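Labels run A, B, C and D following the written order; every chain starts at residue 1.
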Amino acid sequence: MGLSPEQLENVRMLRESAAAVADKQDLTRIRSQRFALPGFDRQVWQTMSELGWLGLALPEANGGAGLGMVEMAALAEELGAALSPEPFIAATLAVNLLGPELRSAAMAGEIIILPALQEKPQDLGRSGDLTRFEDGRVSGRKVFVPMAAGADAFVVSTRGGLAVVDAKADGVLVETIQAQDGGHWGTVSFSGALATPTEGDLAGALDQAIIATSAYLLGVIDAALELTLDYLNTREQFGAKLGSFQALQHRAVDLKLQAALTRASVTDAASILDADTTRAAKSAAASRAKARASDAAMLVTRQAIQLHGGIGYTDEHDIGLFLRKAMVLSPWLGDSTWHRRRFAALTAEHDEQASSPARSGQLADAEVQ
Amino acid sequence: MGLSPEQLENVRMLRESAAAVADKQDLTRIRSQRFALPGFDRQVWQTMSELGWLGLALPEANGGAGLGMVEMAALAEELGAALSPEPFIAATLAVNLLGPELRSAAMAGEIIILPALQEKPQDLGRSGDLTRFEDGRVSGRKVFVPMAAGADAFVVSTRGGLAVVDAKADGVLVETIQAQDGGHWGTVSFSGALATPTEGDLAGALDQAIIATSAYLLGVIDAALELTLDYLNTREQFGAKLGSFQALQHRAVDLKLQAALTRASVTDAASILDADTTRAAKSAAASRAKARASDAAMLVTRQAIQLHGGIGYTDEHDIGLFLRKAMVLSPWLGDSTWHRRRFAALTAEHDEQASSPARSGQLADAEVQ
Amino acid sequence: MSHSAFNFQDYNALSESDFRALVRRFLDAHHPPELRNPIKRLHWNEARPWYMTLSAHGWLAPGWPREAGGMGLSPSKQLIYVDEFERFGAARTPDHGIMLFGPLLLKYGTEAQKQKFLPRIIAGEDIWCQGYSEPNAGSDLASLRTQAVLEGDHWLINGQKTWTTLASDANWIFMLVRTDSTGKKQQGISFLLVPMDSPGVSVRPIINLDLQDEFCEVFFDNVRVPRENLVGEVNQGWTMAKALLGFERIFLGSPRQSAHAIARLKKLAEHVGAWSDPVFQDRYTQLRLDLEDHKSLYEIFADKLRQGQELGAEVSLLKIHQSELYQRISDAMLQIGGEEATCLEPINGDRDLNPAGVFLTARAATIYGGASEVQRNIISKNVLRLPDKPSNKNSAAWRDTNSNTGEKP
Amino acid sequence: MSHSAFNFQDYNALSESDFRALVRRFLDAHHPPELRNPIKRLHWNEARPWYMTLSAHGWLAPGWPREAGGMGLSPSKQLIYVDEFERFGAARTPDHGIMLFGPLLLKYGTEAQKQKFLPRIIAGEDIWCQGYSEPNAGSDLASLRTQAVLEGDHWLINGQKTWTTLASDANWIFMLVRTDSTGKKQQGISFLLVPMDSPGVSVRPIINLDLQDEFCEVFFDNVRVPRENLVGEVNQGWTMAKALLGFERIFLGSPRQSAHAIARLKKLAEHVGAWSDPVFQDRYTQLRLDLEDHKSLYEIFADKLRQGQELGAEVSLLKIHQSELYQRISDAMLQIGGEEATCLEPINGDRDLNPAGVFLTARAATIYGGASEVQRNIISKNVLRLPDKPSNKNSAAWRDTNSNTGEKP
């Protein structure tokens, strides 16, 4: 299951280039974008598109870089570690669903197209769309559209298929709600707005976005843990470094374990998405990664606050930014409960062949002594 | 909610007299009874009956001591701390359901009468009895009858009411299964066995037994914790007392917290059973106590093994006896899942009036600074 | 103090249930409806009318003796007073003068100090804040370093306090300062009173995780106060501050905060449609049982108080369990809240549907008022009697630190 | 060594899938059906036929070189061998000579020692047990005190070993003994070989929590062995024992034990009727996801092995997670098992329905092979690089103790 030398090299290069927009050491830019609209940096967006990121996983024939989920996950992880507010994952999802012309413009950063899919909270694929698309016009209401105020257009799921709607078109109303991470959600109402049809593998694009979000959360986890370990290594209390207290050490180990499991889960999911296997296997892997990443991100960032003590409870310290990001992305594209249930449903038969019951651990025991 | 001076005095005296049969310091007697039949000491039983324990909570008019659940819980707790294998709680349950003659004999220790109620595992009150009682004869099968090999007779629940059946009667077959604590369960088959009808408040007797079992488990918890704290205070590793390692200290605190919650829950439940309130309130309190005691007993004894390390994984060390007792009593008379559900069902309306939502913690916060 | 229907000669002569009913009637009659269940800690300008109402009826200081302008309530009546205020959702006023400073002054102050300060608190003329925690002395409060040096007739103060709740509203601060650095760190601490408008005092609000501004940093740059602003003996400040913890320590473990939170969890579950989910129901019932058992545990300690007994170090168990239970309830809110729980504002503008707000606020519960880790250290040492590290004798001292004196939002 | 259809010249030349198929065919063809999925650790008299079968086909020692009578498998082939044996539920033989002593002797023994001992292991003539742990040196193995003093041409051994697996079946013991008490405690330890029938050696079985007798105490009372029974240099025993941990450390974290347990949990849930309960399903799915993610984590370490890299201290994460996951699965069994899970014997006599047995066995997983607490210390220090207590410098040494060398059932 290891990566190929080529993949390793791609990943290495992507991580390096990510440093251009994602500065893990200085979150000043992140703070400056908080609670403002559109809540991200169009300049940075331009750089991202110039680096070819928006078409990273598209085939070269479509103008993409022809890379896979493995590479996109590595990039998303870097963005997560730096808390990038740019709607990279959402835009990438949309790019998958565009025709050649819009795709090129979106990949070039000329226009920002974001997906508008949900009609209720926690409703990823649960109920069908009520939004109508008839006679070239879209009517309906979409909620929890990430960073909607920054969108030039939306890819909208409707009963009549996917449609692209210009954000400035007549009959489009974008209202925003501030989110805890400093970004915002859009509630986008369409009343007979002019639209053009588009198509694409929405299920596949969603799984890609789910894994990318898991990878972003992995970045959040690792960065929050690193910040916390730094704090434990410097802050003194009761005449000793905080990190020398065994109860805190063991808690830090538990967080490290969750970080390691998340990395393993996300890495595997990315490889499975790139592999030649069934949709069900891919979706199950995506759900496994998101369930782990969502819960681990909440656990690690919550504990990071506790381990920071009083200073962690201020908005001045950066550690809170990681908690707020985890709060927002853990439920997005399905929370851990939703993904656990999807995983269970998708793997109900597989579970049978897990293994024939056998003397528990006999050879596992065996190697021990 | 505190105890009255009279209750306090009763409890003190009972705890003292419990020392006569329940030696917390020496578990040699407990070991000697393990995995044998009947698995307890008829001599000790005689002492228990002479101390008046079997009628402790019966009205004085019925020959009892006229004490309440508060006192019985205190006694059960002492028995639990010493891991007494005698079927005191089961026999007390049966005594509640006997007519004057048998009651006197049972209270005097002349005969041991035990309840035979369940027909399936985990079936306390879930499904009705299939056992028949017609024309003075009982037919059916009861399972998980505690310490059945020591019974002279059984109180049997049937579709036709409660019946007393002599264990030696024709048509009675007692088969035993060894339990992990060294005691045993009886599977008692009745095929037209002669029986006499009896009656009593079975639901009330069950709640009493449920709280007594919770109190017994409280004794198990406290004794296991004490043994563990002693070990942490003496055993050295890596050049220091085990108990000086902060990670172990904090774990011990968590166990102490569960012990304290169990004591609070059991004490409250006992007072509520003695109070003039509804059956639903009493059953809810009993379920709350058993849910807590079952889970806390498993947690504390499991962790006690871990904190003892290698020696805890031997049968030679006494700490394992506490784990085995918790394993057996946690599911008996309803496991924590069953009791949580019963509690939820019994208190579904109450929960509404819990309190009007208010600014969380404002005055609770308030007192802090 | 004006007369009112609620101003009894002796509240303690009432039965518990009569007194409880009286408190309810009082709140129904007098509490400003718009201040009920506030979403954040009120500032003085918002809370003032309510404070003055309490004052006017003589209901401001439940624990103070009648002659000092208080209600003179017995411990059990004080428990009822607090319980009913919490249950009602009464707004909390800036009450450090009443709850913390007043009792200390009553016990340790000179007659002149009492005469000077207590009436002004009752009258709403002085608003006090508490200066205990410092940037490097939070959970480890005994490490405080803000220094006071006696120069002639004045104390010269230099240093910094932090987590000072509502310092921007206060005109006085009572504070712990270091007056001796030679012995054990708990010794050499004194208790000083400082006007907030003294030259050299400056205040900077801190925005907390919930984006509120209830705490501040307070800086002291060559601040001078008269020698008589010392309370008690020099170097006895630590002992005095600790001794005052008796009564109020139990309130850190009051079940009310979790009870409110669980009611909100239910309302949220109904809103998001999780209420009928058996998995949620299971979790909810577990939380309810934890709360019910917590109430039973709380009553054990409340009984001790009613009987005039010491609470002992064991009361830390209450604080640990309450704060962690409150967090678990708030975690459950976030878990079921979906995208709606990611928003800055309450759902549909309904204060009771504010999972993110409760979740963030709850983070403080295990940090302030003695962090959970410190509480566990206290129980390990003083209740379980587990040993210190042999080679670590010099760190034993801090475990005596009762960090319940620490600041708390 | 006899020829057989399974005795290849070079297994490593086979593709991974061909080799995996070969192992499966071998097990199908040769494993005694009655020994499959044994409920407890087999004694030598029970396991001997299977041991001799493995020996006859040259399949006894997967990691030993061909010339020593092993299969000479590469790391990735060894992983497949173990994986398929585990998946099949193959019985474990008393294999300390093969798995632990052999590799050490191959690396550190003299030519004469190899010639003398290795063929007798392959032939089933010598059964070895491992004498590492002592009553006061379990997790803290470096504290061992069993002493060996060189007197002329003999070592004189006094002391006691414990948790010695199947010592009553062995005719030889390889052991760590203290030969110097002056320096750091990890130094001054040597590696000695002792016949179990030496005068002064006595063995006492210990009954474990699951009421099995697989471990023993071994006492040494003025036992004498020839000087040449030392392996390697004097005082180098610790270093040698640690160096051998490379490959087998990963197996402490193999997902197979939990995979078997989870299959049994499902079977139990179906038996007791919990399978259709959504609350159980939720818990079951969480455990399954933990297992799946554990497999992914295991593969990361397996990949390192395949590429010949060092596993590093991080591999302790695998051990912690596997052992605790296994326990959580077994806890779930007990939780749903009701009264049936309280019995001494499996439900309906079905080995796969033995919740109490699994639960009790699982208690060992977090204690032996380096207790979870010690593993967390290792990761804290060597992976997270968290500091030691400043006043506690002298305790720093023990954290280097890699207790994976500790005994394990």
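General remarks:
Please note the rule applied: a residue touches a chain if its C-beta (ideal position, glycine included) is under 8 Å from a C-beta of that chain, and two chains touch if they have at least 3 such contacts.
These are the chains along with the protein names UniProt gives them: A, B, C, D = Acyl-CoA dehydrogenase family protein.
All of these numbers come straight from a predicted model, not from anything done at the bench.
The greater number of contacting C-beta pairs, out of the two interfaces A-C and B-C, is seen for B-C. Chain C and chain D have Cα centroids separated by 54 Å. Inter-chain spacing, taken between the CA centroids of chain A and chain B, is 51 Å. Centre-to-centre, using mean CA coordinates, chain B is 41 Å away from chain C. Among the residues of chain B, those in touch with two or more other chains are 239-240, 245-247, 249-250. Among the residues of chain D, those touching two or more other chains are numbered 279, 282, 368, 373, 376, 389, 391-392, 394-395, 409. Taken as a contact graph, with one node per protein chain and an edge wherever two chains touch, the assembly is complete, since every chain touches every other chain.
Interface of chain A with chain D (complex): residues 1-2, 229, 232-233, 239-241, 243-244, 246, 249-250, 252-254, 256-257, 260-265, 267-268, 288, 291-292, 340-341, 343-344, 347, 351, 354-369.
Residues 277-279, 282, 389, 391-392, 394-395 of chain D are the ones that touch chain C when the two sit in their complex. Residue ranges of chain A in contact with chain C, taken from their complex: 35, 118, 121-122, 143-144, 177-181, 185, 236-240, 245, 247-248, 298, 302, 305-306, 309-310, 312-316, 320, 323, 327-328, 330-332, 335-337. Here chain C touches chain A in the complex through residues 133, 136, 138-140, 143, 162-163, 206-209, 211, 272, 279, 331, 334-345, 356, 359-360, 363-364, 366-368, 371-373, 376, 394-395, 398, 401, 407, 409, going by the rule given at the top. Interface residues of chain B facing chain A in the complex, by the touch rule stated above, are 245-247, 249-250.
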